[in-house]
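In the two complexes below, subunit A is the common chain; its partner is subunit B in one and subunit C in the other.
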Partner chain A sequence: MFASSSHLSPGLWTLAWRRLRADRVAMAALAVLLLFAAMLAASMSGWLANDWADEIGVHYAPPSFIGAQADAAHRTAEPAATEVPPENPLDPLKDVIRELRAEMDGASVAAAAGGEAGAEDSYGIADPLEKELAEIRGMPSGAATHVTSEKKTTLPFGADKWGHDVIKKTIKGAETSIVVGLVAALVATFLGTLFGALAGYFGGRTDDFFNWFYSIFTSIPYLLLILAVAAVLQQKGVTTIILILGLTGWTGVFRLVRAEYMKHKEREYVLAAGAIGGSHLGRMFIHIFPNISHVALVQMSILAVGFIKSEVILSFLGFGVPVGVVSWGSMLNEAQNELILGKWWQLTAATGAMAVLVTAFSLFTDALRDALDPKLK
Partner chain B sequence: MLAYIVRRLWQMIPTMLGVVLLVFLLFNWVGGDPAYILAGKMSNPEQIANIRRQLGIDEPVYVQLWIFIKQIVTFDFGASWSTGEQVSRVISTRLGPSLTLLIPLTILETVIAIALALLIARVRGSLTDRAVMIACTVGMSISILVYIIVFQYWLGYKLGLFPVQGWGDSFAHNLLRYSALPILILLAVSLAPNLRLFRTFVLDEVNQDYVRTARAKGLSEGRILWVHVLRNAAIPIITHVMSNLPSLLIGAFLVERFFSIPGIGREIILAVERSDFPVIKAITVYVAFATMLFNLLTDLLYQAVDPRVKLR
Partner chain C sequence: MSLEDSDNLLEVRDLRIRFRLDKKNEFEAVKGVSFDVPRNATVALVGESGSGKSVSALAVMGLLPVENALIEPASKISFDGRELQTMPSGQRRALCGRDLSMIFQEPMSSLNPVLTVGYQIGEVLRLHKGMGAKAARARTVELLDEVGIPEPAARIDYYPNQLSGGQQQRVMIAMAIACEPKLLIADEPTTALDVTIQKQIIELLKALQQRHRMSVLFITHDLALVAEMADRVIVMRNGEVQEQGDTRQVFLQPQHPYTRALLECRPPLDARPHHLPVIDDMMRGDESPAIVLAERTRGYVEDERPLLVVKNLSKSFYSREGLFGQKEFKAVKDVSFTLPRGKTLGIVGESGSGKTTVGLTLLRLHEATGGQAFFRGKDILAMSSREFHDYKRRLQIVFQNPFASLNPRFTVGQILLEPMRIHNIGADDRERNALCFKWMERVGLPVEAFHRYPHEFSGGQRQRIAIARCLTLHPEVLVCDESVSALDVSVQAQVLNLLQDLQDDFGLSYIFISHDLSVVRYMADRVMVMRDGAVVEMADSDDLYRNPQHPYTQTLLAAIPGRQGVS
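Take a look at the complex of A and B:
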């Protein structure tokens, strides 16, 4: 990031880089961020975690350091179902639940006794697709049994419900979450900078218009605006969520960039650029923008942190990434139910990865702001 | 004073119209034809035309906008699309539980964060200060979802200290029994950012001249912080707390959803899930209006707290 921009305007960026180098916390945070970036590049190019969807472990395989024996008893035929959660003494429905459970146990025993009585399900309706399904089931049965025999009982950090490796899943989830955060931050910063530049540079009516626009967006609470847009855009997808976050998040950048443009437009170098015939657009983006780009950069990294957090919440609620795409939010959504069964590893993996990334990113952003704008401190 | 309030209210009108216009465009243009959502999967052209006529979508755009404005002014958004409940009733009945949760939360979190910020300011620059700030940064980086999932699991389900979820009819029961764990969780989540922010507000004041004078007079450090500094640091703190109130109404949606508390936030999530546009439109518009009014209220409070502020 710095190497490329340092020869554009050596003064500010070299100084900032020197200040940043002196800050040990910032360098540690940068190292963590670079590690995440390398992971992201590897997973996007398909080197790493491309096969996250392979069901390589057994259902909820525990992490290797715990060992398989903890679960060995009920892995044979019916895992998880035999595991009865402890009763909650405060639950007003506990008696009902106990009865239901007893009934279900009875029913499953009865079903086992009935065996393969027929293709009729519990509603008494014959399945019209029975023959086709049987064919499909019969076809890969050889391969399927081969694979099941190979399934591992433990994985380095456990497996989820379908036997996906949690580490690979976390890496793939990181890809979605980080890409959404960064691209949405880029969109929001672009919009905020564009609006701020127009408002601050031209002033007058233009400024009034954009201020009006700004006051509209800030008077609706941010999350409410996101949810309203999510309700309107019916289709789910990574692009949709980037658009939602990007289109609603530009207000903070706008305010700061506008103030900078108001300050800079009267400076002598801009007046000189105008005197030699520079156009308005040229003055705005060739002359002024390099001098305020550090503001935009700091804002962009602040936004990226916020958007990564927002994406997790949106995906958790089911308004974010579509089914089949894994993100930290969808992992937490699964982990919520897994925790009740005592399968804590997916929750820990997603939380840990996110906490490390966000902590490093926030520390780096703070250091970046201090390095680029020493006055602010 | 009165002239100031009237002028501020007058200035609000363009923004209010803008919010109305934004919501209108969002739901009537971007959102596509609501008749298809309402009619469901099994629909025929007749039904769709009928629904369009009922909603007024077959009218020209300015008539539709006028209908929307009339709905806002009369508090009559018709019935919810999914439950058939009157939208005004939905909002009025969901407000109570949200406030039961949010008023104690706001008071507690403000008092605790101010007290801790003043305590931390006494040892500023020390190892404790740095450790607390790093703990805050780490605490802020963990998703609110994880706090809710883990607290609900451990304190509610495993240890059985609190009910896992639910809501009753009696206010005292709701406040003391069902709100306790949600409030605790939101406190844990909001403490870190508030403490960081309030600490900077306090530190901005600690180096001022009047503090040096107070010290020179021989006042105790405690009195300086709790009386002199707090009075001055209160101004940015009030802005922060007040301007956060309306968004808190929505921000509690995750907790309301996890704990099945029938509040505004949960209603919004349900409405988004069911594409229940009237409910979303109504809540968005009214919360935006509330935000603007609260901003005005904040400015008025300034003068009460700080006589130097002159409202013009």
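Take a look at the complex of A and C:
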């Protein structure tokens, strides 16, 4: 059998795939991951959740399985009725405001009646933009009336403050979060592995240099470091978050990979590779790396999970995604205020999606590690 | 030590042990083994790796992992008239350490490195004898003195890493005999030690056995080792007892072909057969077919032009000391030798003698501190590394541990193709594949090995893979660094025969590094004895073994196990 198929060799990945397929948990995790990937692709290409920003429900519309709120009907009718915002009963200046308003109404009535200087306000100054303002004031009220008539009282998993569909928002938010988590984890693992490999393999001065660098880097408080990177990059956006997290997150991977390389470079198989004339780079990345790749893989899965969470903190600090972009982090940030009002659905949707993804990702990397190890059958 | 004494201390009857590998597969490690250990006697359990000897001993101690080791309920282990298998675990634990104790192979990993040796021995006394701290300390000093540790009152407060390997093993023995056990199980207690130390430990065990009138179950892979100390020998293979009997009878009239194979596969000290007999010949019942060819003659011929001339090779390692100071450790001091084409230079020495460093320095896996090495008249140590790259293929090395020297992530095919790719041997991968199969056939590997990973092979086969990897480069000098030391006796013979054939066919020159004096005598034309980095003696192998000049060489030769034979 082997003799006949000697030209095609079942590589490491073919064997790994065979072993993965035998692992039921890994396959389930892979299915979940593929589902997320499909969702990500659909949302990025605009097939899915492109209209998440449409305000299709009433604000804080509850999930359908709970049923509409009692005051929902009242609220939908309300907004277009008056131009004047409703009075805040807690405002200490409410009496003053009421007086002022009454005065202004009286003045405008008087002005309209007088007719001589139509564009004069209470201070007696004519407003040159009177007409334009009147037009603008007229527009939103008309538009609002138009949309309000279609707003739904319940949505499948509820709505947020602005009436965005939470499911669509979660899908769109996944786009940012997954990309940030995975790409930043890749960047951090790449840097950590590269530095760790160089430091551990060459030792001596190289090792000293990277260790000094590491020590200085880790002695800076984490948040300060993030602020520093953010200040240097000077702009908000997904790329910035990825760079911030990637450039600050490599330290843990560095220590572990360095230790592994120090251990492995003394091994006889590496000496043997040197004896047959293998170059340093070849020994580092063709011989040693596959044997320590499990460390990098596991670290990457841990980092990805951590980075998805870090994005929340960054968003909270104002270094997160820009306004108008949604992510699980910004959803969780909003959920803080909503939870006091008893609106739990946005929090549940974001954390649920995050938990499922993170669990599946961890289980899968774990299984991948085992599958890639030829010693474990 | 009368064997007629029917009173047996330990009786093992029909012991069967299975290991659960995964959900479906089980592996039967011990298949119905029965043996006795009489009172006040030494019994040797001999077998190669996988024979089930250690597993049987662990079963007696009750140390097998509960999760995956299954001892058949019908198996009986009775100690001092009490059945161990049915005993409550608390009672059994109390028995272990007091009446039954065990010494393991690796003294360094059996001792806790963060506790002093005194504390560790004292712990046994406090636990089993209920001694107070003071009494335990006094007894510990006595014990250390008894096992032959100099200045026991000072050494009691040493940490394990401050003691040599031999002393560590003595500490282990002191711990094992602390409660005056009735049975001492010694699992390969000398395998990790140098020959001279091995001899001392064996003598110590013998003396202790007689003084304390205890029984010793001595487990080893080396049949020759037990000739001098055991009263009874049990030979095991693949979980079955092949032969058991009086030591004299087993050595002088071995009944089972496997026992004969174990005895004859070792290179003899008084002859040099053309090929060593291998285990398959013996099992088939062929009467030593390998001796048909004439004996080999060894030795350098004077007018030969040397292929490799090494002059004053030295290598130092530096460690930092204090703030700016450096401490120099001279691993190799002024070593000079020559190696003609098609000949073998044996380097013999104990651990720390610098023999391995010589090999690694010649291949420039370490940079030499001083000296020259002329290969075909060119100094390979003075070359730039670019220039040396072409010479790399001419000098190759086979390492000691076949489990560590092959990259576990590469298939055998990848392992063999890589050196050819690096050195542009063969026009394309097709041609290289063909070369691979050629070399695999030459070293006796099956064709299907090409796609397999190293862990799927036994130790001997892995060493063949390592040899094939070197051969793909057509080397002229092959450094064999303890290349057969990690292998079982029967496999050792096969690999030695292979190396011998390759030398005959391709005119390879070997630098054969080993601590095993009988193997070096068999393989080498000239032998160099090293100690503490320096050469103490160098002579043609027959001369050296017949007439050693240096006292150290004489000590080494006297320590070869089984040299005196059965008296």
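Here is the rule we go by: the second predicted complex is superposed on the first by the 213 of 377 C-alpha atoms of A that agree within 3 Å, B and C clash if a C-alpha of one lies under 4 Å from a C-alpha of the other, contacts with A are read in each partner's own complex, and residues count from 1 in each chain.
In the analysis below, a residue touches a chain if its C-beta (ideal position, glycine included) is under 8 Å from a C-beta of that chain, and two chains touch if they have at least 3 such contacts.
This one's a predicted model, so the numbers in the text were calculated from it and none came from an experiment.
Touched residues of subunit A, counted separately for subunit B and subunit C, are more numerous for B.
Within the superposed three-chain model, A:L233 lies in touch with subunit B and out of touch with subunit C [touch as defined at top]. After overlaying the two complexes on the shared chain, residue contacts for A:G318 are found with subunit B alone; subunit C is out of touch. By the document's definition of touching, of the two partners only subunit B reaches A:I220; subunit C does not.
In the complex of the two chains, the subunit A residues touching subunit C come out as 1-3, 6-7, 9-10, 12, 267-269, 271-278, 282, 287, 290-291, 374-375.
Put simply, subunit C touches subunit A in their complex at residues 360, 363, 365, 389, 392-393, 396-397, 399-401, 404-409, 411, 413, 418-419, 422-423, 433, 437, 447-448, 450-451, 453, 455, 466, 469-470, 473.
Touching subunit B in their complex are the following residues of subunit A: 88-92, 212-213, 215-217, 219-225, 227-234, 309, 312-313, 316-319, 328-329, 332, 335-336, 339-340, 347, 351, 354-359, 362-363.
Only residues 14-15, 18-19, 22-23, 26-27, 30-32, 137-138, 140-146, 149-150, 153, 157, 160, 162-164, 166, 246-247, 249-251, 253-254, 257, 268-269, 271-273, 275, 277, 280, 283-284, 287-289, 291-292 of subunit B touch subunit A when the two sit together in their complex.
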